[in-house]
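The structure appears below as structure tokens.
Chain lettering (A, B, C, D, E, F and G) follows the sequence in which the chains are written, and residue indices restart at 1 in each chain.
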Amino acid sequence: MSLRDLLAAALMLAGVATALLAAFGVVRMPDVPTRMSATSKASTLAKMCVFLALALAFDDLGVAARSLAAVAFVFLTAPLAAHAIGRAAFALGVPLFPGTKVNEMPRRNDGEGCDPDP
Amino acid sequence: MIAAVLTTIAVAALAPLLERRLGRRAAPLLALVPAGLFVSLARHVPEVSAGGVRTDSLAWIAELGVSLSFRLDGLSLLMALVVTGVGAVVLLYAGSYMKGHPRRGNLLGYLLAFLAAMLGLVLSDNLLGLFVFWEATSLLSYVLIGFEREKAEVRASALQALLVTGGGGLALLAGFVLLGQAGGSLEIGALAANAEAVKASPLYLPALLLVLLGAFTKSAQVPFHFWLPDAMAAPAPVSTFLHSATMVKAGVFLLARLHPTLGGTPEWTGIVTTVGAATMLTGALLAVGQRDLKRLLAYSTVSALGSLVMLVGVGTPAALAAAMVLLLAHALYKGALFLVAGIVDHETGTRDVASLGGLFRALPVTAVAAAAAAFSMAGLPPLLGFVSKELLYDAALRASPAPLLLVPVAVGSNMLLVAVALSVGWGPFTGRAGETPKAPHEAPAAMWAGPLLLGLGSLAAGLFSGAISPFVSAAAAAALGHPYGVKLEVWHGFNLVLAKSLVTLVVGVALFAARGRIRSLAGRLAPIAAYGPGRLYRAGLAGLVRFAKGTASVLSSGSLRQDLRIVLGATVVLAAPLLLTRAVLGAPDALRSVRPLEAVLAFLVVAGAVATVLAGSRLAAVVALGVTGFGVALLFLVFGAPDLAMTQFAVETLSVLLFVAVLRRLPRLQSRSAPRARAVDALLAGAVGAVMTGLVLAVHAEPLRSRLAPFFRESSLALAKGRNVVNVILVDFRGLDTLGEITVLGVAALGVFSLVRLRLSSRAAAAKGDRP
Amino acid sequence: MGTFAFLVFAWVAVTGEVSVANLLEGAVLAGLLVLVLRVPLRRRFRLEKVPKALGLLLYFLKELLLSNAAVARILLSPASSLSPGIVAVPLDLKSDAGITVLANLVTLTPGTLSLDVSPDRTTLYVHALHVDDPDAFRREVKEGFERRVKEVFE
Amino acid sequence: MRSLILAAATRVVFPLLLLFSVFLLFRGHNEPGGGFVGGLVAATAYALLALTGGVAAARRVLPARPEVLIGTGLLAALASGLVGLAAGRPFMTGLWGDVSLPVVGKPGTPVLFDAGVYLTVLGVVLLILLTLQEEDEA
Amino acid sequence: MNTLLVLPLLVPLATAAATILLARSPRAVRTASFAGAAASLGAAVALLGATRDGTILVTQAGAWEAPFGISLVADRFAAAMVLVAALLLAAVVVSSIRGLDGARERAGYHPLLHVLSMGVSGAFLTGDLFNLYVWFEVMLMSSFVLVSLGGERAQLQGALKYVVLNLVSSALFLAGAGLLYGSIGTLNMAGAAVALRELPAQGLPSVVASLFLLAFGIKAAAFPLFFWLPASYHTPPMPVAALFAGLLTKVGVYALVRVLTLVFVRDTAFTGPLLLAVAALTMVTGVLGAMAQGDVRKVLSFHIVSQIGYMLMGLGLGTRLALAGTVFYVLHHIVVKANLFLVAGAMRRAGGSFSLEKLGSLLARSPLLAAAFLVPAVSLAGLPPLSGFWAKYLLVRAGLEAGNGTIVAVALAVSLLTLFSMTKIWNEAFWKPAPAGAGAAPAPLSAAERASLLGPVLVLGAITVAIGLGAGVLYRFADAAAAQLLDPELYVRAVLGARGGGT
Amino acid sequence: MTLLLALAIGVLYAAGTYLLLRRSAIRVVFGLALLGYASNLLVFTAGRLSREGPPIVPEGAVAAAATSADPLPQALVLTAIVIGFGVQAFALVLLKRTCQEAGTDDVDAMREEG
Amino acid sequence: MTLLSQLALWVGLPALGLALLLTLFRIVKGPTLPDRIVGLDLLGTLGISIAAVVALSARDAVYLDVAIVLALLAFLGTVAFAAYLERSR
């Protein structure tokens, strides 16, 4: 087993572990923003690791380039989803974790929580 | 012969046009067509009387033995002469009778068309050809009975006649087919030659019963007689032509025609004679109490038809000869009487015999015609009616099975018919003038010429009955299937038959004298008489419609769920037993091992499905659906289908966009079904799922040996220049599928567009104040 | 031109083939996209910003990796130990691109999540898992990411 | 969803998606991809634009009306089949040129066919989504 | 020669694409649509001409030999179906010129018609089971849109049912195709025919066959799967309904005939009696449904169901004469039933309603319309000498020759009730005086309207009469088609070549 | 694994069927979607599952590996997926329009009236 | 099979499977719609990782393309959901 393979394996395992962490976070975190927070970055990290593992594992410039491009895509798009959800949840007035210390964000409208889809 | 029929049809089609052009001169002109046919047919009488037969044939569906083959022998010539002769008279009469009617031309056309059909019927020598004309007469009679269509009861009568005769016609069709099977041909002549085989065939009885059903309905035999009196809703010329002289005789004609093939067996004799006798008596009994001229005549016609059928049933040479004479005599006198009834109705505005009397003064010519016809019907010598009655009694006396039964029935019926004849042809013209809605004047010559001609015909034929003997013999011979000679005479000397005739006459006159009391008795019995088959027909029809409505509401409730339950239930019912009895259900032969991720993915799919079912909100359901889709996509991925996985992911994403775009406009999810319904549905759903699982397992119990997969793997690059085999299949090996598929997509898009846009534009139109 | 270069670069990256032919292909495609499809991307490409951009990238990766452990700790710690909060961070950045990049970077680093930008584009609302001192947090964001983003994008 | 962040990111993601869709289209014959998935990805690009900037914004950058894309795509697919017929072979017989072109690779009727698929799928998804979103916005 | 096989697909597709591209000019759309319909008709005539002598035309799309590529196959039956479909399309296009509102026309009506025609022709011509699924979808999708085009409430509700039930049918079909591939490794019908010979009879394939029976049974509107039909066929504009009524269920019947005579030939001991039972129930329930209705369109819709029973009867009997009867019946019925729906549209125009209660005195108002109704109605009722009589006769004869009196009795009784139904329409709409409360009668038909509305009707009526009078011609054809159907080896050899039959 | 998938397919059909039988038309549409998944998986499985990689001819080889997954069902499923998407889009919009016109999505309330 | 492949197959993929199950729990549990959407978003994200790890275990780069497609598309669904939620206030 080459060093590159070893490195790839380590990256892959790190990525998988991070992904597991993200899933763990989404179960454990108490409210939407914290869950989103946990998933968005951990999973991004996971994807980055796995793609880097891919880039290393294949002795192929093309694969490496595509893997790096994939990482770029992930960096580009993953925060958008988190942003959109967070914003929507906030706008909807989904209840925040009671332990939330500061909230400097003004409610945009009535502030009345409303479930769009009971 | 074929040409004659076709020409008549063509002329019939032109009749309305002609009428519009020529007005009142159209009818006489059109009457020339049947008159000409009559003359040209009559020219064949000597030849046919001498035993000659003319045939003419046109293949139609040769492979099925169907042809337009015509046969001119004694029987068909007799019928053809009646059809054309009475037809000519009726057309002439109708032109005058319908004067001023906006649709006179149509009536003339229908009558001519009917005449052609009738001619075709009697001339046909092929069962299918005959059937074609048979049904044509049924349909045309519907149109003719319903001619005054504005009245609801007229329409109902027309429908009734059509359904009864049409139903019989269908039985006839089946009978003909069976007959063709039994005898190996549809040509009547060939069947007659093969009669022994037909009678020995196991198909004989069903064929016979079906044919009889057809004949009996058409000829208004008990218990199908009820449609005929109701058919009197038709204008007088129609009643004359169809319901006395021609169409109703089609059944009798058919029986006579098929007598050589089917007749002579105990079944034939028993059934046909009994039904005929019963009809004869029933018709006479029902006739005598009627007040309406036309109904009197109609019931008496039923009786006469019964006599004819009975005679054909007896089937002896004498009986068939009697039938032929009665057929002719009846056509002459009953035709005349119907026309007279029409004149009386036309001139006085009523057909109630009780209020008619003394018309002799106003309608002298009509009265003469009426008297001649009535006397013939009553059986007064020397009219043809007398000759025919003598023959009838003679035949009944000599009938082999049951003369003791037939003779009283025949005599009794004829006594009643004497009374009827006098009520129609004598009563209204004699005695005190009655109060009528219109002041009567003699009808125009075009109207009285016909009855007069027919009445005098009765006289002439009676007087010169010897002269027509050879012709009648030829007709009887045709019905018998072998040569036969009969000598007709007015005077047979004093014998039992004459005695019966005399008694008949005397009792009949007495009954006529007591007609007032009989009618009041009949009036009191009317509620009982109402319990006839006619009532059964009406109740049956109404019941059928009710049943239909009930069935329809059960079977197509309009409920989608009900329909789906049936469809899915049918799936289970059909597939499950087959699956259990015919398929090998075993563990799959390949890929038994399970990897953890694969198991998780299968679980994801299932969990998503279950969550979709349980979802309480629209969006939650969409998310759950997404879970299933995601699981399916990853299953594709791990089992070597990256293209599928990609496509599935893309489609999932677009589905979300789709759902999200419409979701807000959709109503919220609600639980509406009762728990019981849910349980039933769950059971059904479980069964469907089990069947599908079973099918998959059954398929996987055996290894798959496909020539296709290796070919695609090996040829993709070599022959189709592509390394991605799946894509090569899509764009090359099976590109046609893809072409169809993108067409589906295009149409779906057009559909979405039009569903949304048509609404938008209607909304815009509404906003502008236009009508939506 | 910026769009064009970006697309050519992306094409090469995606195809993973660095050759003249492939560059040509990328150029053809990018040209088609720009011309035919009227792709809306108006920024000019400025070569001199590349070093700063690389610096930003490195800083980001460092942040990402350094707080790797923090992620695990936060996720594995009991919920009661959380002290989340939403902090309003005033923005010096003006351009859309700059604000977006900042927001994304904030989101991608552990513990923080950009929720929204105020309609007047002066404030970024950031959710953090641990907010002990909002002002310290604001400073951290402004001096860490915002400064570097500003150097590259404005 | 009017969001500065989304709108700004869209400007980058949109051309990337389009580019990638073309990549998928032309690579499909040899690697995973093809007209379908290419068309679908291209459609998501416009869908994203419509979602973040409104349908009008998406329509502005459309090279042609979706209906025209559909019609053209169908005709292209049809035409690729007719080439075979014109050459006296059965309908849809795959015929390949000898020269290699940039992007497309070797020109062949299956490639034209796949391009027809791409255009049709793109037109279809756009027609559906834009129509629906337009109504939703109304 | 092989070009003939693809023209019925290409011409409509090209026409559809052209009409989509020309959408902004209604005149151009109509012209293109008309030209396309005429071209389709011409192609279909040529196709029939090429198959009349018994040649089975085969082409392999993409030049990939069977069973690897998709075979397009035209035997007599298929070619005749294609021709009748093309004829109907032409009639509908012509009658749509006046019978349709502008909004629908702008909303893609003409492309949809042609795509429908393409799907139907594809279903008739394909020799591949999955490809058949695709053509079914083409046909269904366009019918979905056509049935909902207009967006009135009743129309949409009917469309929803129509869509859901047909999609269930599609799901069953797809599953059947997949399972068949999974058990015999081919989708080519000829290939499947060969492969199934080698498997034990009454094994898994007959189970899979049941899925096809169900899927096609739904499409054919056989008992008890017919509900979607009366729920939706009365709602769209009459030219559309005419096309549906004439064609769509017949595609299901065609598919049943095809798979049962070619692929699942060894299951007749099971399918025969089943089909006969289904046939009888279909006839009866259909006609009873019709008797219960008071709306011309619904009466006609239920009769479609009823008549499907006759077609299944021939298939269930399975003799040559019976199959000839089915072929004859299908061809005749397409013309007649479509015609009746077109007439219903004209009746609505002339009488202002579809309701028998509200209609009246149409005979006086338009004798031509009455004649136009009478021909198909009488033919439908099976009265001689029109086409329907011969169709019925063949089946009755086949039934009696097979010794199955029960099914014949049912067929005949149902035909009497059909007559009753047609008479009811005639009595109520044509004879009855217009009811008092019906308001002012609509304006009399203009000459242009008469040409557009009644022209196609009269042409179809003339065909009905011609089929009736020249029944021998069509019978000989149907008989030859049946002979071809009963000898699957001919088909197999045509598709797979000489070696196909052996291996 | 085949057994597991067979069961999953059964559950998909069952769930789809159950939803088809709901009074809420929107659930019916969800049911149709599940039926689509079920059919696609069934067809996919019919070609036999393989873990030996996709049917793609490797660079330099002349044919795809004989053990690679059966490409035909994949192509069929791909076609079915795309058709299913079109159908689903149409069904959804039809559903929406029907609910708008009928004022309800209760299929039992949608019995025709004339 | 290399160790990398084995690791990917027997450690990486099962671990990701476990992550899927955890995520599924959140999706089913909710309690609010944004929670479910967060879960669905994570599911897509995990899918990307799975595709990449499958590529490692199979030593086949074709799965990388799937991962890229997913990476490009996954966020769009989430954004659409979010847009829906925002509009339905």
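Couple of notes before you dig in:
Please note the rule applied: a contact is a pair of C-beta atoms (placed from the backbone, for glycine too) under 8 Å apart; a residue touches a chain by one contact, two chains touch by 3 or more.
Because the structure is predicted, anything quoted here is derived from the model rather than measured.
Counted as hops between touching chains, the shortest connection from chain D to chain F is 1. Ranked by distance of CA centroids from chain D, the top chain is B.
Just to note, of B-E and F-G, the chains joined by more C-beta pairs in contact are B-E.
Centroids of chain A and chain D (each the mean of its C-alpha atoms) stand 30 Å apart.
Centre-to-centre spacing of chain C and chain D amounts to 30 Å, using the average Cα coordinate of each chain. Distance from the chain A centre to the chain G centre is 10 Å, each centre being the mean of its Cα atoms. The distance from the centre of chain A to the centre of chain E, each centre being the mean of the chain's C-alpha atoms, comes to 56 Å. Counting partner chains per residue, chain D shows two or more touched chains at residues 1, 3, 5-6, 9, 12-13, 16, 20, 24, 30-33, 36-37, 41, 44, 47, 51, 67, 70, 74, 78, 81, 92, 94, 121, 124, 128, 132. Contacts with at least two other chains are made by residues 20, 28, 38, 42, 44-48, 53-54, 56, 72, 76, 78-79, 82-83, 86-87, 89-90, 93-95, 97, 107, 110, 112 of chain F. Across the assembly, chain B contributes residues 558, 560, 564, 568, 595, 599, 617-620, 638, 642-643, 646-647, 650-651, 653-654, 657-658, 662, 664-665, 692, 696, 699-700, 704, 706, 708-709, 712, 723-724, 730, 732-739, 741-753, 755-757, 759 that each touch 2 or more other chains.
Residue ranges on chain C touching chain A, taken from their complex, read 10, 12-18, 64, 68, 71-72, 74-76, 79-80, 82-88, 103-105, 107-116, 125, 127-129, 131, 134.
Those residues of chain D that touch chain F in the shared complex are 30-32, 36, 121, 124, 128, 132.
Considering their complex, residues 24, 28-37, 40-41, 43-44, 47, 51, 66-67, 70, 73-74, 77-78, 81, 92, 94, 96, 106, 108, 110, 113-114, 116-117, 120-121, 123-125, 127-129, 131-136, 138 of chain D touch chain B. Listed in rising order, the residues of chain E touching chain D in the complex are 2-3, 6, 10, 13-14, 16-18, 20-21, 23, 59-63. Across the complex, chain F is touched by residues 130, 134, 137, 141, 144-145, 148, 151-154, 156-161, 163-164, 167-168, 170-171, 174-175, 177-179, 181-182, 187, 231, 295, 355 of chain E.
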